[in-house]
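Shared chain: chain A. Partners: chain B in the first complex, chain C in the second.
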Partner chain A sequence: MLAYIVRRLLWLPVLLIIVSFITFALGYYGPADPIVALMGQNYDPEVAAQLAHEYGLDQPFGVQYLKYLERVARLDFGESIKYRNQPVLRLLIPRLAVTIQLNVASSFIGVSVGIAVGVIAALRRGELIDRLVVFGVVFGRAVPVFVAGPILLFLFARTIPVLPPGGWDGIFSRSAVMPVLLLSIGPMAVFARQTRAGMLEVMGQDYIRTARAKGLHEMTVVTVHALRNALIPLLTILGFLLGSLVEGTFLTETIFGIPGIGQFAFEALGGRDYPVIITVTLLVAVAYALGNLWADLLYGVVDPRIRQA
Partner chain B sequence: MTTVLEVRGLKTQFFTQDGVVQAVNGISYDLNEGETLGIVGESGCGKSVSVMSLMRLIPMPPGKIVGGEALFEGVDLMKISDDEMRSVRGNKIAMIFQDPMTSLNPVLTIGRQVGEALELHMGMSKSEARQRTIELLEMVGIPSAADRVDDYPHQFSGGMRQRVMIAMGLSCNPQILIADEPTTALDVTIQAQIVDLVKKLRDEIGMAIIWITHDLGVVAGLADRVAVMYAGFFVEEAGVKDLYGDPRHPYTIGLLGSLPRLDAERGRRLVSIEGLPPDLIALPEGCPFYARCNYRIDRCETENPPLRLVAPNHRVACWIDVTTAQPTR
Partner chain C sequence: MSAQARAGLRPETEGKIFRPRRTLWGDVWHRLRRNRPAMVGLVIIGLMYFTAIFAPLIAPYEYDKIDLENVRAGPSREHLLGTDELGRDVFSRIVWAARSAAFVSITVTSFGLALGTFFGALAGYLGGWVDTLIMRLGDVLFAFPGLLFVFFIAATIKPGLIAWVKAIGLRELARSGYVDYLVVIIALGLVGWPGLARLIRGQLLSLKRRDYILAAQATGVPTWRIMWRHLLPNAMPPVIVAVSGGIGGVILSEATLSFLGIGLQPPNPSWGAMLFQYYGYWRTELWPLLFIPAAVLVAIVLAFNFLGDGLNEALNPQLD
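Let's look at the complex of A and B:
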């Protein structure tokens, strides 16, 4: 088991090199020029050339990339072009803290509510509550964040103004309610649907009949015997969840003006702030990789047949 | 001999989109203390549904026990509350199932799965249940049980899993063990081991057994009494020797005639029963075996014969006396 974890972790740098190379190449050969974006209307070719030299942007691709890798190895992710002379890492860390809080809260709510709703729907198959859940799942999956966000804002900040329309006063403040809710809709829908499907399958299994034949209470049958089996396929999704949440964060943070890495990255994209873009991309890659590793490890915890192998 | 279970007119139906499936059509029998009753019949004749109904484990809906009673310790199992039924299941009446590969929960240890019933019904603590589980596993012949109690089902072979199921079934010293084709999914040598194990445990513990199978050979060596089921009805019921030596129902005769025998004369052809069992959604008005019967008379088409006594402890549902091939009065 330990060897497996180590092996997986050793792959991580390889993955990061691939991701950074692609992102770096896209930035280098891409159409936009960060200097142009930085100077805007005050563009002056001479100053631009000087700035490009200052940032090392006039050197060939290979040189730039290797220099970059060398700095990254020392955990130096460069300086932001937009926020002049500020190290990316120093800009990123406080924002990352906000984003992590947001993601932890919304994934916790999304996953737990989703599983609970899915179990109830499966046990009440075909009844009104099940139909409502199925409808809600389709709705939750179909409506994108940039549509649901403004609707939430319209409802709870304008029509019934109970929540602030944006800003950030920490995860336990009223300003966090709407963004957390918005971000949890996606995972909630996915988990509700998968739990429902999983439970429907598992409840028809022979070992559920065995459990009932033992005289166990239906509650024990569902929670101890059925749910654990139904959760196994959900772990795969849990791995993806971490990565997909980061993506959802981009939009949510922008809509609500939350100072997290999502908003930061969004800004950086507009300003062609490549050091920031690449760093955030690497971060998302790490999140995906660790998320999947975590899910794989959880498989072993939940399913003894995998622990053995 | 005291009767532990009296089943009267048990009737179970499934309400499906295609119509009402009449799976069990009013069967009645007594089960005596320490007795082994074999219920035989082909697939889909209602054997499993009849015992699942007793345990009230029929999926409802679409299933429904539409009539009948099952008296156990003076109470009708069909009428008691769900809570009372749960205190009977796995405790006083236990059940083992056909496919040991799928009947155990893959994510829980063997110890947990056997111990669960002990904690629930016998009020044992976790450690007492564990100790007792190890004893039970030893009793059913699982080697180094103390080590294997923490293993998972996938670490056991099919035969071993069925032994675990038996240990689970016997954990609370049930008065009745219902075995629903417990050897069907196993290969023949393992089948024999399981049958021998159950025989040995029956003699030690003294529980009554209802053993369901489509294998007439297994029943012959195990049961005291055998009931033959066809299209949801009992068509013949007799002591095991009478049933095999003197079958009185055309269906039973057909079944036995289709079996190869070591003592048969050379060159004798095995007979098969022509046709198929009736559709349980559209049961005929008369005898369900009418269309396939070699002895049929007009009366059989319109009237379904009830079970009648033809010899001591030997009941047959037929309008014909097959010994003379003449109609009964």
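Let's look at the complex of A and C:
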């Protein structure tokens, strides 16, 4: 097990170097000139050359990349081109805080509601509530974030105008309700589906009959004996959850105008603000790699056969 | 009296087996046909591709036909679903967008399948450092959340691609909207292959140890022929399931990119771009238009999910 963890951990820095190289190379060879984007109408070749020199954009690729790596090692991600002279890191931290709040809230709601609903559906198999859950899961899986977002907006900001159509006043404000709801649909559907399937499988096992025969309370049978075993396969979809959250965050923040890193990255793509684009990509890749590592390790804990692979 | 007649066999049935002849795919089809959601999905998907092929005959107007005398019109006999703020017929744009979706989904899937099969087969059959190299490359691509990588590629390659298209003398192409299609296809195709390569590699790793492959190798069958005739056809069933699910994903990704303004650009018809356009109407009386591309997209994703689940069950009957 230890060797497995070490091997997986050693892969991480290698991966990050490759990722940073790819993003840097695409940014470097991408012919869109950030200086042109910055200066817009007031383009002047002399000032442009001076600016390029100032940002080190006139040096050869290898030099720029090595300097970049060296700065990244010191957690210096350069300065934004659009927001002149502001370090990327300082711009990023408040936005990251917003994104993390949004994601933690929606995965918490999505996972807990999903598991609860899945258990109820499995215990009442074939009844109305089960059919409603199955129906909801089918739809939850099929409705993309960018379809559900505008429809939610239309419902709660126009037809029944109880919620603001966008903006961000913190996670405990009314402005967070729609984004959190929207982002939790995906995890909710996936967890409800998996929990229901897991519970149905586990509830038919002999040890459940044994537990019941011992005279245990049905609540104990369900929570201690059944649910704990039914949840094991759910660990393996944690990696998936992370991926869907990253994509969902990007879209949700754009739709509702939430100042998180998704919207920041989108804005940077439009303005060819490469230091920002590269940093956000790197950050997301790190988060994603850590999430996948976490899922793989849990996988290894649960299923000993994986460790040897 | 012949020996056959004595055994009670009629001569004309000699050597024939009475069990109806069934291939793997015949079996799958037989099971799939009894799966109602999967069949509904198949019909919806068929309808989409039919609409895509016959779009010029079905759509009453061109997708970019602007009619400033008929802006913001409600549904009527001339305009089944009304018009937008430029007087473009909404129904026609929905129909033409089916063509965009079909075109992008088929090209991206073929591109991804070709890359995935090529790299997967190479890795699985040759093994060794080739295998390590290809799989690590796949790992790197997996390390990005797919959509972010697509955004990134689409945003960075587009200016270069346009410059390149101009450089090889296709100015018309550069000016037309078709370069957007190319950007979307390259970005989505590059992201799509590692999953398929992994799948095919895994299949080949288990298949290549079978006796019939050893027999083929022993009789001197060339490697490419073993690959093409013996290995790949047997590796296909799970690949078919992955690909059929993937097509729906590609349509959705194109819509997502176009919704965000990185994919197909106006006036090219795309359900995602239309959704974005109509979503901007939410304060005006044109708001119901939002539900048209939304319903189409949900129906298509549902159709692909149903068909994918159905195929999965039909190919793995032990799941029941």
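The working rule: the second predicted complex is superposed on the first by the 264 of 309 C-alpha atoms of A that agree within 3 Å, B and C clash if a C-alpha of one lies under 4 Å from a C-alpha of the other, contacts with A are read in each partner's own complex, and residues count from 1 in each chain.
Basically, contacts are C-beta pairs under 8 Å (C-beta built on N, C-alpha and C of every residue); 3 or more make two chains touch, one makes a residue touch a chain.
Just so you know, these numbers come straight off a predicted model, no measurement behind them.
Asks: After superposition on the shared chain, which partner residues are touched by A:D206: those of chain B (first), chain C (second), both, or neither?
Replies: After superposition on chain A, A:D206 lies in contact with chain B alone.
Asks: Look at the residues of chain A and decide whether chain B or chain C touches more of them.
Replies: C
Asks: Could you say whether A:G215 touches chain B, chain C, both of them, or neither, answering first, second, both or neither?
Replies: first
Asks: Quick check for you: in the superposed arrangement, does A:I151 touch first (chain B), second (chain C), both or neither?
Replies: In the superposed model, A:I151 contacts chain C only, not chain B.
Asks: Kindly classify A:V224 by the partners it touches after superposition: chain B alone (first), chain C alone (second), both, or neither?
Replies: Only chain B is touched by A:V224; chain C is not.
Asks: By the touch definition at the top of the document, which applies to A:I22: first (chain B), second (chain C), both, or neither?
Replies: second
Asks: Now for A:P45: first (chain B), second (chain C), both, or neither, which partner does it touch?
Replies: So A:P45 meets neither chain B nor chain C here.
Asks: Where on chain A is chain B touching in the complex?
Replies: Residues 205-207, 209-217, 224-225, 228-229, 232, 302-305, 308.
Asks: Along chain C, where are the residues that touch chain A in the complex?
Replies: Against chain A, chain C makes touches at 139-140, 142-148, 151-153, 155-157, 159-160, 163, 252, 255-256, 259-260, 262, 272, 275-276, 279, 282-283, 287, 290-291, 294, 297-298, 301-302, 305.
Asks: Report the residues of chain A in contact with chain C in the complex, numbered from low to high.
Replies: Touch residues, chain A against chain C: 11, 15, 18-19, 22-23, 26-27, 29-32, 138-139, 141-144, 146-147, 150-151, 153-154, 157-158, 165, 242-243, 246-247, 250-251, 254, 265-266, 269, 277, 281, 284-285, 288-289, 292.
Asks: Name, in rising order, each residue of chain B that touches chain A in their complex.
Replies: So the residues of chain B in touch with chain A come to 55, 57, 86-91, 94-95, 97, 99, 102-109, 113, 116-117, 120-121, 152, 154-155, 165, 168.
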